[in-house]
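Below are two complexes that have chain A in common, paired first with chain B and then with chain C.
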Partner chain A sequence: MTNATIRNTHPPAIELKGIRKSFVLSEGRNARTVMALDGIDLAINQHEFVTIIGPSGCGKTTLLRVMASLILPDAGDVLVDGAPVSEPGTKRAMVFQTFGLFPWKTVIDNVTFPLMVRKLPAAKAREIAMEHLVRVGLEKFVDAHPHQLSGGMQQRVGLSRALATGADVLLMDEPFGAIDAQTREFMQEELMRIWQEEQKTVIFITHDLDEAVMLADRVLLMSRGPGRVREIIDVDLPRPRTDYDVRVRKNFTETRSHLWNLLRNDLVEQRAEETT
Partner chain B sequence: MKRRPNHEVRRDQLIGVAVFLTVWEVSAQAFDKPLLLPPVSAILAALWELLISGALIKALGESILLLVAGLAVASLIGFICGTLIARSKTAYWMLNPYFSALFVTPTIALVPLVLVWFGFGFTGRVIVVVLAAVVPILFSVASGLRDSPDDLIEVARSFGVKGEIQLLFQVRLRAAMPVLMAGLRLAAGRAVVGMAVAETYLRLGGIGGLIKSYGAVFQTDFVFAAILPLSLLGIAIVTLISRFERRLHWT
Partner chain C sequence: MPSRLTKPSVWLPILSLVLVLGGWEVVGRSIDPLLFAPPSAVAATLASLLATGELQAAAQVTMKALFLGYALAIIAGIPFGVLMGALPRLGDILQPYLYAIFSTPRVVVVPLIIVWFGIGFEARLFLVFFWSAIAISVNTAQGVRHARPDLVEVARSFRANRIEMARHVLIPGAIPFVVAGLRIGAERAIVGVIIGEMFLQIVGLGGVIQKGSVELLPAKMLSAVMVIAVLGTIIVTMLDLVEKRFQSWRGEST
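What follows is the complex of A and B.
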């Protein structure tokens, strides 16, 4: 009910209209242009959890960086809450695959960083950061440096930093890809819990099919370059998904195998091209 | 190799110094040519005399001022040119040969030029220190900034840091800090050499001046008594930078 009302009254959290982006790869004299995104139209609703999956080199990361306005598209518009944007803004926050923590800053200083950029008073920034670090159980490590923490803990810092900005949209680039399998499952649960409690919009890149299906309201499958949206699949599984093992549900296995069959073709083609 | 505990290291160092000084004292007494090798006791007496007369303090003050001024100017020039070289290929190819040449040219060979161009006053002396120290700073800035921390730049941009200058100060320089400090430490060692050269070959002054003037009248015990604080000054400044370096290092 609530979701439907929100969808009717609010513009999409993020909307992409006709996004094109190409890169020039210079290899000595023969520079060639590579199409990374070839006309992407996409609307992501408020409070939606969308995962993006696709073969490597399909432009997933480029797509996310365009959504973050870290790179500007050659053509097309990015709209946040219905308004076009052209530079990074406070409504979106990123979580990075390799955590993106400043190694010379302590945990708390990493989390306050975006707030200090916005010129918040130090005490206020610290208070906000502390609140988020406590939530992910890192209150004992606020004065540690990132290299003293495990990968899972470092990404909790990365997540805290994104949440502390108060952004409504989290842009996550394979955030759990560099974390060991068991910790990853805990992180997935934690993320789902936070997403549900705080009503965030999450756009989440992954190369892990299980993860893509388990977390998402919708899975966006991209096709091998030039980057296009191949299919968007609704995941019909009840929430909260933290109380039970989603993976044994029939809907889960069916969605997963449907995705895998689509993805598999691309991978086979890709391999054939690479060997010729 | 197993790391030795601090107190053992200190004990060995103390024993080493004691043996060395005793051998020196005994052989100098037996040799009995204080012009060539003054005994340790005579050197200590000379040092005491320099201390209470205030000559040493005054000389040290002059030398430290020269050293700090020289290092500050060298850092400024090294920072600006190093940033240019790191960020622009044109600047790199245009400027790099000169600095490479300067790096291998003994500072003392440039003293006559400094004398003609800048005179033997404070300016000239500072310039000798700068010539000695600027290249390690410049090279460390250049190499520290060349490995661009692209992922962290992206993080900073995503959280609203705008513009090259902001990124330079908030990310690039801070990421390069360990390399910069290593360069500064190297530069400090060379600056001490430059300082001694400036003080002995331009106009006598500071610790270098003390050494030169006592050497000229063959008061070898006083020469030793002045060399000792010069070495200590060098060690002190390098240790100070190392301390700072360790604090800025994150691993």
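What follows is the complex of A and C.
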């Protein structure tokens, strides 16, 4: 099945319609309302890899949390496979920036946690968890506690936990941001491999331009201030991609510098505002 | 929290014990025997009190109220604390009163307790239970409120319900606070039971102290004090073990 036919026969994996969300910041007496998402319309196709990038405070994390139904929008609808949702569901699974592992649980118990919540028999949950942990090479660490693992290993556990739920959509909030650069490259390749093998839909926040271009089918650039989608850029690079191959391609450097020029303006404005 | 020594030496504690007992002996002998007693006299009195069985009987009375009251305080205090922590409104409403009770000297309410419970076992049990339970629940509530928001979000994203949230996120995260609460609660329980035995009904180890005071027998008072100290040490040591059992996941470095 080609991407085009998938698009025609399936509703988008995630669709946002007119999403608005504001927060009240109370700073002493002068409470002020901050617009985090100001009318977002967006459709993410089945099996698509979308990265979201934007200056800090642009609302990208809020956007992801709205997609996960961890935050309810003030207005607008979130649709998963065409059906409106208002609470976290089993089709979507989050991967967290700081890994979100329970320090008091062993690796395997962290991975079985979502399955246990779903009342799966313990033996079955363990089997599924083991399968995913073996895949990311953590079979020797199933009974370790998170603090005994490196950052990269901890995020592999976080990824295994999300995959073990069987969710079709992975919502990833700067998942490799807290991981050292070399490990990150391995993790990126591992994620792309899993995404391709298992036909997942991935929505991936990052603040790293290279990472955004490297991984994505489409890069969604958000603008500063009232959170809006500034531009959505198709990344036309062959797959499977490896870091080394992709970086030297003309499309990569062009897309990257295009994004950087857009982003740069926002960053310059932001800095100017901060200093005045 | 006690820091772990890399090489636990037995000689240091023994040396300190010898110095303390030696100093006490010297000072004790130089003071009027009606006011104070050296360790040698305390040891002799301790032996004779043990021989007559008076001390064992007293300790039994004390321990009955102490352990029953403390156990009830744990059984009631932890769930109540979890509730207060998990329902911030309830916590906000109750907290000031609990703090007020918590910081009121217990002796002040002895007359009230006499009116409510008389002077017998129930009154002592209440003294132990009430203050201990408040310490435990206030600390537990604080621990639950300090739950890591990121982990709460993780559990929410995987659709954990309230009970699962409490069991897998809030309570494990609150355990260091709960153990601190159990420690304060134990101290409060011991003080509570002794106050009850000294000011309500003259029984138990507190009673032995009171009688020793009336009979002008400092050695007898100090014997009971020693037993109470040993009892307290045992409880605190047991709590240390509980803490270690629950915190194995923390590792050595943190």
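Following the convention adopted for this analysis, the second predicted complex is superposed on the first by the 273 of 276 C-alpha atoms of A that agree within 3 Å, B and C clash if a C-alpha of one lies under 4 Å from a C-alpha of the other, contacts with A are read in each partner's own complex, and residues count from 1 in each chain.
Following the convention adopted for this analysis, contacts are C-beta pairs under 8 Å (C-beta built on N, C-alpha and C of every residue); 3 or more make two chains touch, one makes a residue touch a chain.
The shown structure was predicted, so the numbers you read here are calculated from the model rather than taken from an experiment.
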{"item": "Overlay on chain A: chain C relative to chain B, clash or fit", "value": "clash"}
{"item": "First (chain B), second (chain C), both or neither touched by A:88", "value": "both"}
{"item": "Touching partner for A:23 - first (chain B), second (chain C), both, neither", "value": "neither"}
{"item": "Contacts of A:117 with chain B and chain C, given as first, second, both or neither", "value": "both"}
{"item": "Footprint overlap on chain A, comparing chain B with chain C", "value": "68, 70, 87-90, 93-94, 96, 98, 100, 102-104, 113-114, 117-118, 145, 147, 165"}
{"item": "Chain B to chain A touching residues, read off their complex", "value": "151-152, 154-162, 171, 174-175, 177, 248, 250-251"}
{"item": "For the chain A and chain B complex, residues of the former touching the latter", "value": "68, 70, 87-90, 93-94, 96, 98, 100, 102-104, 113-114, 117-118, 145, 147, 161, 165"}
{"item": "Of chain C, residues touching chain A in the complex", "value": "150-151, 153-161, 164, 168-169, 172-173, 175, 248-251, 253-254"}
{"item": "Sites on chain A touched by chain C in the complex", "value": "68, 70, 87-90, 93-94, 96, 98, 100, 102-105, 113-114, 117-118, 145, 147-148, 165"}
